[in-house]
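So, here's a batch of structures to check.
Paired with subunit B in one complex and with subunit C in the other, subunit A is shared by the two complexes that follow.
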Partner chain A sequence: MTALAVGPTHGALVVRSLAMRGMQRILRRPSIILPTIIMPVFFLVAFTGSFSGITNIEGYGTDNVYNWMTPYAILQGVTFAGVGAAGMTGEDMEGGFYDRLLLTPGSRLPLMLGPIGYAMLRALIPITLVLVTAIVLGGADLNGGVLGVIVLYLGALGTAAGFACLGLVAIYTLKSMRALLAIQVPIFALTFLSIGQVPLEFQTGWLRQVSESNPVTPILEMLRQGFLGAVTWDQTWPGIVAVGVLILVFGLPAWFQLRRMAP
Partner chain B sequence: MSRPVEATGLVKRFGDLTAVDGVDLHVDEGEIFAFLGPNGAGKSTTVRMLVTLLQPTAGSARVAGFDVVREAGAVRRAIGVALQDAAIDPMMTGNELLQLQAVLHGLPRSVVRRRGPELLERVGLTAAADRRVGTYSGGMRRRLDLALSLIHEPSVLFLDEPTTGLDPTSRQSLWEEVRRLNDDGTTVFLTTQYLEEADQLAGRLAIIDDGAIVREGAPATLKEAVGSPTLRVDVPAGQREVAHQVLLRFGPNRPCREGRVAVGLDGGAAQMAEVVRALDEASVRVDHLELDAPSLDDVFAEATGRRLEGATE
Partner chain C sequence: MTTVTAIDDRSHLSTALDQMAELSARSIRNSLRNPSGYIPGLVFPLMLAAVYSAQFQRALGLPGFPEVDSFLDFILPASILQSVAFGATAAGADMALDIENGFFDRLLTSPVSRASILVGRLVGSAVEAALKFVVLLAIFLLFGASVKSGLPGVVVLMVVSLLLAIAIGGISLVLALRTGSQEAVNASFPLVFSTLFISSAFFPTELMNGWYQKVAEYNPVSWIINPVRRLVIEGWSWTDAATAIGLTATLGALTITWATFALRSRLRSL
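Showing the complex of A and B:
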C-alpha cells in the first residue's frame, strides 16, 4: 500500500486540485460559465440604460450611473459564480463521481473547500468582465485607485465564497442539482433587498429595515467605495464582517450537512 | 491476524425498507470473494457499508483490520474501490483522473509518475490516456476505473458489478485483469449478478437475496450440494401439466422460466432414456429437452425458489 500520511499539505493539494478541476471544466465546456458572464453584464447594461439619469438625484454620490451599478452587477456575477460552483458538486453527486471523492482518506474539509476555491477562481471572470465593460462602455471611475480595485476584488471573491457555501448547504442537503432552484428565492431576496439600486437614505419602511440588516448592504458599500471616492476603513470593515457572516452562516451548516452525509 | 473483510450482523435500513438484513460474512487473505444476487438484493448497499460510504444501521464490520465506522479513514487508505457504473468525470482525460486520484490519496508526484503509466499500460489504455473519458467505450471506462482504484496499491479491492453492461470480450479482459491482481496478492471482493462471473472468478461466494445471505461457500461445493442435474423440457402449452406429473416421478421440481418444466433428475444422465419413454407413453410431444449439471443458478433456485433474473437456462 503506497499512501502518504494525510494532513494539511494533502488537504491543500486536494483543495487546489478540485478548484482547478472546476476551471478546467469551464475551458472544456464554456457553456458552464455563460450565465455567470451574461447575467451580470446584462444587469449592468440594462440598469445603466434604464436608470441612466438616476444618479443626477443627490444622494448617490456620483453622477455616473456606472459607478453606482457596476459593483451591483459584480455582486450579481459573483453570486452566480458561487452558487454555480456548488453546482459542480451537485453534478458529481448525480453522476456518482462524488463517491470517489468521499473515498478519499483524511478530512472531509478539503472536499468542501475545493468547490469554494473553484467559486472564487470562477468569480474572477465576471468581476473582470463587468469591470472592463463598465470602464469601456460607461467610463466608470476608479476614484479609489489601485486600493479600490483590490478591495473590490477581495470583497467580491469573499462574497463568492459565501454564496458557494449557500449552494453547498442546498446540494449537501438535497444531493441534487435541483437544490439550486430551491435557493433562488433567498439569493434574489438577499441581492435585491439591499442598496443595490437605491441608497439606504431613499428607502423607507420595512424595505429599509431589511436593507439595513442585510449583510449584502455593507458588502456593496465596501465594493462601491472605490468607484465613488477614496477607500476608507470605515466603509471597509463592515463589509469584511458581512462577508465573514455570510461565510459562517452558510459555511457552518454546509460543513455539518457534509459531515452528516459523510462522517 | 484479522481477515481482510469481516462483517457481523450488518443491517441497513432506509426508513421502512430493510435493504440489508443481518449479513455475516468474511473474506480471507488473497481470496476472490463474489457476492452474487439479483438487482436490489442488497449487494451494493453491503459494499457501500464496507467501503465506508454508508453507515450501518446495526452490526459491525472490519475491513483491512479497521472498523468501518470508527476507523473509516484507515479503511479508505487501505482499500481500492471501483463502484457500479464507473463513476468517472467524462470531461477529464484518463491521465488527469489518475493524477487527481493520486492527489486524493496523498501520493507523492514521483509515485504518480511511475504508477500512472504502469497502470494505464496494465489496463490497455496507454494510447487513450490523453483522451477525454467521455469518448471511451464502456469497457474502457471500467478498465480506467480499475486503474484508478489501484493507484495507491490497496490490499483489498472492492469491485461493484465491474462487468455489468460490458460486451463478452471486455468482460473477459476484465476478468483476466482481476485474476492477475489476485495472483499479485490483492484480496478481491466482487459483487455480481452474473453466475458465470462468480463461477469463473470466485474461490468462494455468498448468495444474497432480499438483503440476507442464503448460501455461502466455494462454487463447486455449493453446486455439489444441489446434487442432481436439472432436466428442462419444453412441451406445448396444453401438455405442460401432464409432462410435469410425468417428470416428478424422476425427481423434485426445480424453478425454471415460464413455459418450461424442470426437475432435478435424481438418477442423472443414465435415467434419460427412461424419461423419454415415460413422456412418450404419456403422449407428450417434446419440443426441446436438455440436461445440465448443477449450476450456481440451480444453487440460487434451490435457496430462493426462483431463478436469477437474466440467467441463462
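Showing the complex of A and C:
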C-alpha cells in the first residue's frame, strides 16, 4: 500500500502534475501553442519593420528598433501564454474533468497554481523564440549582459503568471472557454496602452496619462533595460512591484471565485 | 413558342433575383444577430487609431512622412479598410457553418440558383461593410479627421470598402467551399491581419527598411491604400480614384471567379 503525501508535499505534487499535464497537452496537440509562437514573432517582425523609422526621432532611446520592440513582443507572447494556459482549465470544465478534480480531497490552491505553473513553463517558448529571432534577424543588443537576460526571463515569467490569473478569473466566473473572448479587450488595453512602441515622452494627451498608470509600463521598463543599457535597481523594483500587483489584482479574485465553486 | 421562352427566361431571372434577395437578407440578419462578429471589427481599428494618433504625432515631422494635418487623417483609410477586411471573412465562416450543419446540402437539393448561394453571402458582407464604414467615418470626423477631397472622396472610400469586402469575402468563400470547415476559414484571419500590417496601412513605406519595405511596397494592400490616402490627405484626383476603385474591382472579380470555380468543383464532387 503506497502512502499518500499530505500537506504542502501533496500540493506541490498536484501543481507539478497539472503543469506537466498542460505541457503534455501541447506535445499531443502542437496546434494549441502555434498562436503563442507565431503571433509574438509576427509582432516583432511587423512592429520593427513598420515602425523602424521612428528611431530617427530624437529621444527615442535606441537606434536599433529591435532593442525597443523585442521586450514588447515578448510581453505579448507571455500574455498569450498566460491566458492560453488558463484555457486548459476552461477545457477541463467543459469536458467534466474539472468536476472530478474538485471532488478530490485537499486544498483548492494547487488547482489554481497548476495552470499558473503551466503558463510559466509555456511562456519559456515565446520568450526564447522572440529573443533568438531578435538577435539573429535584427542584431538586438544585450547591453545588460547575463543579468539583463535573467531579469528579462524572470520578469516575463512573472507577467505570464499575472495574465494566467486574469484568464483564470474569467474562466472561473463564466465556466467556459468563451470567457477568454471576453478578456480580449482588457488584454489589448493593458498591452497597447503602455510604452510598448514608443517612450512616454512621445505620447500625448489621454494615452500618456493611461500609460503612466498602466502596470505594464514599469514591467516593460524592467524587461527593456537590458537591451538599452546596464541593469539598474531603479528600473527593476517598479517592475517587480507591478508584476506583484498584476498577480494580486487578478489572483485574489480568481482564488475567491474558485473557493465559491468548491469551498 | 418564342414568346413562351422569353416569358420563361424572364420568370427564371426574376426567381433567381428573388432567391438572391432572400439569401442576402438571411446573411444580413445573421450578421446583425451576432454582435460578437462585428463589434471587435469596430472596436479594434478604433482603439488602434486612437493609440497610434496619440503616440506617433512626432513622426509627422520625419523626412519622408507625407504632409498631413494629423495622424488621425493618415490612418483613417487604413482603419476603415481594416474593419471591413476583418468582417469580410465572416462570409466564408457562415458558409462553412452552413456546410457543417447541412443547410448547404438542403439548399443544393432545392431548385435554388447556384449563383445566389455565393451572391447572398457577398451581399451580406458588403452591407456589413457599408454599416461599418458609416459608423467609423462618423467617429473619425467627430474626433477631428477630415477628408480633403470632400464628398467625392468619401464616395470613393465607400466604394473601395464595399469592393474590398466582396474581394476578401470571395477568398473566404473559396476556403469554405474547399475545406467545409469554419475553423479553417477562421484560421485565415491572421493572414488578413498580416497582409494589412505589412503594407503602408499604418506607416509610410518610405520610412521602412530592407526586405520589409520591399514586401510592403509590392503588397496590393499598399497599392489600394496609397491612392485612397492621397484622396483623404491631399485632395481630389481622378487618377487616384480610378486606381483605387479599379484595383479593388479587379481583385473582387478575381476572387469571385475563383469562388465560382470552387463552388462548381464542390458540386461536381457531391
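Here is the rule we use: the second predicted complex is superposed on the first by the 259 of 263 C-alpha atoms of A that agree within 3 Å, B and C clash if a C-alpha of one lies under 4 Å from a C-alpha of the other, contacts with A are read in each partner's own complex, and residues count from 1 in each chain.
Simple rule for what comes next: a residue touches a chain if its C-beta (ideal position, glycine included) is under 8 Å from a C-beta of that chain, and two chains touch if they have at least 3 such contacts.
Everything quoted here is computed from the prediction, not taken from an experiment.
Peer 1: With both structures lined up on subunit A, is it a clash or a fit for subunit B and subunit C?
Peer 2: In the arrangement built by aligning on subunit A, the partners subunit C and subunit B fit side by side.
Peer 1: When the shared chain A is used to line up the two structures, what angle, as a multiple of 10 degrees, is there at the CA centre of subunit A toward subunit B and subunit C?
Peer 2: The C-alpha centres give an angle of about 90 degrees at subunit A.
Peer 1: Based on the superposed arrangement, let me know which partner A:L248 touches: subunit B (first), subunit C (second), both, or neither?
Peer 2: neither
Peer 1: Touching A:G106, do we find subunit B (first), subunit C (second), both, or neither?
Peer 2: After superposition on chain A, A:G106 lies in contact with subunit B alone.
Peer 1: Is A:L193 touching anything from subunit B or subunit C once the two structures are fitted on A? First, second, both or neither.
Peer 2: second
Peer 1: Now for A:G96: first (subunit B), second (subunit C), both, or neither, which partner does it touch?
Peer 2: first
Peer 1: Using the superposition on chain A described above, determine whether A:R28 touches subunit B (first), subunit C (second), both, or neither.
Peer 2: Only subunit B; A:R28 stays clear of subunit C.
Peer 1: Look at A:V146 in the shared chain and tell me whether it touches subunit B only, subunit C only, both, or neither; answer first, second, both or neither.
Peer 2: A:V146: touches no partner chain.
Peer 1: Once chain A of both complexes is superposed, is A:A46 in touch with subunit B (first), subunit C (second), both, or neither?
Peer 2: The second partner, subunit C, only.
Peer 1: Please provide the least distance in Å between a C-alpha atom of subunit B and a C-alpha atom of subunit C in the combined superposition.
Peer 2: Minimum over all C-alpha pairs: 20 Å.
Peer 1: So subunit A touches subunit B in one structure and subunit C in the other; where do those two contact lists coincide?
Peer 2: none
Peer 1: Subunit A touches which residues of subunit B in the complex?
Peer 2: Result: residues 51-53, 55, 69, 72-74, 76-79, 81, 83-85, 87-89, 91-92, 96, 99-101, 103-108, 111, 115, 132, 148, 152-155 of subunit B touch subunit A.
Peer 1: What does subunit A use to touch subunit C in their complex?
Peer 2: 38-39, 42, 45-46, 48-54, 56-57, 181, 184-185, 188-189, 192-193, 197-198, 202-208
Peer 1: What does subunit A use to touch subunit B in their complex?
Peer 2: 1-6, 10, 13-14, 17, 21, 24-25, 28-29, 92, 95-106, 262-263
Peer 1: Once bound in the complex, which stretches of subunit C touch subunit A?
Peer 2: 36, 40, 43-44, 47-48, 50-51, 54-59, 61-62, 64-65, 190, 194, 197-198, 202-204, 207-210, 212-213, 216
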